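Supplied in C-alpha cells, the structure appears directly below.
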C-alpha cells in the first residue's frame, strides 16, 4: 500500500518517536524483559505505530515498529510489517477508534500500579502532584481477558469523561493515554510514581485527604498555566 | 576428552550464551556479589555448561564456563575445567537427568522470591501476567540441604506435571527451568517480578482472585498464540 | 540589564553549579520525569539561579538556567530568560528574601519523604545519621497551594529557629535549604535516606528512641568538628 | 616517616584495593552521598589504610586514601596525609588493635540493616544464604556515641567469639569485618541483602525457622568446602 508522501513522512517521525520512548520505560524502571508497549497515532491519517511483540528493548529500532490501521490490522508491505505487533494491539486500536483526541497509548506492568490493580482499588488523590497531573483518583477498570475488544472497551468506558489519563485494569495493570505518545509515557511514569508514594504512605497510617476544592484548583492551574509553548523540549510539568 | 566437531561447536555456542545470560541477572537486579547461576544443556549431547563458583560478574567470559556431564562431573581437559563449577551444579545436573525437555536451569536469591520462600508460602495467581507466564501459583519445594541430590530431587518433584517453570525452594530461593537457558532466565526475571507485585499488593489488603477458568484461557492463549517464529530476537511474551 | 563584571562571573559559576546539581537528583533517584528543582543564590547580589520549567534532565545546560531577582522575577535579557522558570520559583524567592543565610534551595517529590508528608507526620530522630545531619526530627509544614506566597511562607515559618534544613510540606513533598546549592542538595539526598530508613524500621515495630542528650552531642560534634577546610572536594559528613 | 620498601609496596597495594572497593559500595547501593567507609590492614605492619572524610565517591583515588597506625593516628608525610581520615577511624583502629585476624573493616548506613539497628533487633537466620555466610543471626551491638572508643569496643565485644562478621550497632548501622578489605565489603553487601530479604519476608507473616543443626551444617560446609584457591578472582561463595 502506497501512502501519500506527507503521511509517509509523519509515519517516519512517529516510528522514531515511539521507538525512542520505549527506552523511557526502561529508564524509569516500568518494565522487565520485553513487557510494556507504547503506540502513537499518525497525525492526519487513520493509522498508528506500535511495538512488535517480544523484541528485546536493546534491539528496538524505528524500522521494527509496526504500522496499523485503526482496526489494529498491520499495513501490508510497510516496514516491520512481517512481524507480529504487540499482543495488546487490539486494545490500543480500540482506544484510537473511540477517543479521537488521544494521540498516544501506553501499557506497562509497573509494580505499584499492578499492586493496586490486583486489589481492584483506585488510588486516592492525597498528594498535590497527583492533583496536578490526574485531577483526582486513578480509577480501576474491569477485569477483561485479552483476545477481543474487552480490554479496549474497559479503558474507554473508564476514562471517558474522567480527568485521569490513567486506568488500572483489574488484576492486570495500568493503561495510559495522552495527546501524543510522549504525553502517554509521562502519564505511565507518573502513575507508577503516585501509586508507589501513596502505597508507602498508607503502610504506616492513613494519608490526610486533600479537599476537593484544592484538587480542582491544582488541576485547573496545572492544565492552564504551566508550560513553554515555543520550545519543543518544554512541556506542562510540576517542576 | 575429544568431542565430535558438531558437539564441540554446540558447546562453544552454549558457553557464549550462558556467559552472556549472567549479565541479564545483574541487569535485572536478581543477584548480589557472585550469587546466582545459569546453566544450559548442550543440544545433542549429555552435557551442560554452567558458571564457575565465585567469579565476579565483571570477569565472566565464555571460556570461564564449565562443561559437565549429566552427573555434574567436570569434563577433564575442557576449557575452564581447572576451576570449580557452581556449588549448585549437582542440583542442575539432577534436573537435566530427570527432565529431558529442560534445556536451561537458573538459580538466584532474588529478594521477593526469597521472601516467599522463607515463609514457605506459594505465590497466588492474582495477576494476568502470572497466568500467562506460569499458568497458576508458583509452588514451594521442600527444605533441602546442599551437598547431595536433595535440592535437585525437590525441584523435579515439585515441577513435574506443574505448569510453573519456577519453584521456591523453602528457606532458600527460586530455581527456574526453561526450554533453553534464555527461557529459564526469563522465568527467573518474571518470578521475581510477580513475587514483588503480589507481595506489595497484599501489604494493603487481599488481591482479588482470578477465576480458574480465566487463568486457563490466559495460559492457553499465551502458550499457543504469541511469538514470532522466524526471527530469533522474537519470542513468546505479554507485550 | 547589564550586571557588574564580578556579579556576571558569579552568575556564571552558579549557573554551572546549579545545572550540574540537577544530575545529582537523578543519580540519587529523587526525581522522575522533569520533577524537582534546585536553585542557588548569587553571592554578593540579590539574585538567584533556578531551573526552567519542564526541560528534560538530559538536556539541562548552564545556559538554560534562569536568573531571577529575589521577587522571583526573571532578569530580562539574561541567558535562558526567554523561558519560564520552575513553577516553584515564588517559593524559592520567598526563602531567599526571608532567610539571608540560605544560599541554596531544593524541592523534590522523593518517594519516602512524600509518604511522610502525605500523612502529615514528622520523621522521628531514631538514627544517628539523622541526629548528625538534622539535629532532631524532620518537621512538617502546612498544606499550601501553589500560586501565591503560601508555600514559601510555610517553609520559612517551619524552618526558622529549627535545626533541620528540611521540611515536609503536607501532601506535597520535601523542601531543603543549605548554605549553598550543594548543601541543599545534600540535605535533599539525606532527608530521603532517613525518611526511607525510618519508614522501613517502623514497618516491623517501634524504633528505639535516641535520648535528647545524645542527639544534642551528635549534632554539636557534627556541626563543629568534621570537615576538610582547605580542599573544596571535602565537606562535613558522617563518613 | 620512611617505611621499609616492602611495607611501602604493601601500602600501595592496599591503597589501590581500598579505593577500588569503595566503588563496590556505590554499585551495590549501600551508600548515599559520601557516607560509608572501607579500611584495610597493611600486611606485615601495624598500619591500615582508610578513606578520607567527605570526599565524593567520583573523586576517590588510591592517593587520597589515608595511612594510619593502629591508634588511628595519621602517618605524617604519607600520601593523602594532609587530609582528615574518616570520622569512623577510631572505631576501625580499635578493631585492628583487638582483633589481629581481621584484615578489613567496613561501615555503611545501608537501608535495611539500619532499619533493624534502629529497632535494636537482631536478624534471625531464616534463609540458607545467611546460614552459609554468617552461620546464624546478625547480632546487635550497643548504642555508642562517636568520639571515643565506645563504637570500636562495642563491635569487638559483640563479634568476639561470634560466627557473624557483621554487627548492627544500635540506632546507627552495620559494621563488618573480614580477612581482608574485600571480604569485609562482601559481608557488608550480604548483610544488607539478608536484612532486606528477611524484612520483606516478615512483612506478610513469620518465616519458617531453620533448625540449628541445618544451620551448623550449612555454615561448616560453606567455610570448608567451597572456593577456588589458585585464582585470585575466585573465592568462597554460595553460587
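Going in written order, the chains are labelled A, B, C and D, and every chain counts its residues from 1.
The rule is simple: a contact is a pair of C-beta atoms (placed from the backbone, for glycine too) under 8 Å apart; a residue touches a chain by one contact, two chains touch by 3 or more.
Here the structure is a predicted model, which means the values were calculated and not measured.
Student: Give me the fewest steps it takes to get from subunit B to subunit C if each step has to go to a chain it touches.
Tutor: So the least number of steps between the two chains is 2.
Student: Give a one-word verdict, same or different, on whether subunit A and subunit B use largely identical residue numbers at their interface, taking over half shared as same.
Tutor: The interface is built from different residue numbers on each side, given that under half of them are used by both copies.
Student: From the centre of subunit A, which other chain's Cα mean sits the farthest off?
Tutor: Measuring from the centre of subunit A, the most distant chain centre belongs to D.
Student: Report the inter-centroid distance (CA atoms only) between subunit C and subunit D in whole Å.
Tutor: Taking the average C-alpha coordinate of subunit C and of subunit D, the gap between them is 32 Å.
Student: Mind checking the centre-to-centre distance between subunit A and subunit D? Centres are C-alpha means, answer in whole Å.
Tutor: Computed from C-alpha means, the inter-chain centre distance equals 45 Å.
Student: For subunit D, which residues are shared contacts with two or more other chains?
Tutor: 203
Student: Name the touching chain pairs, would you?
Tutor: A-B, A-C, B-D, C-D
Student: Over in the complex, which subunit B residues touch subunit D? Could you list them?
Tutor: Of all residues in subunit B, those touching subunit D are 31-37, 51-56, 59, 82-84, 86-88, 109, 111-112, 114-121, 143, 145-147, 170-173, 199, 202-203.
Student: Quick check: in the complex, which residue numbers of subunit C touch subunit D?
Tutor: Touching subunit D: residues 28, 126-129, 186, 189-190, 193, 196-198, 200-201, 203-208, 210, 214, 217-218, 221, 225-228, 230-231, 233-239 of subunit C.
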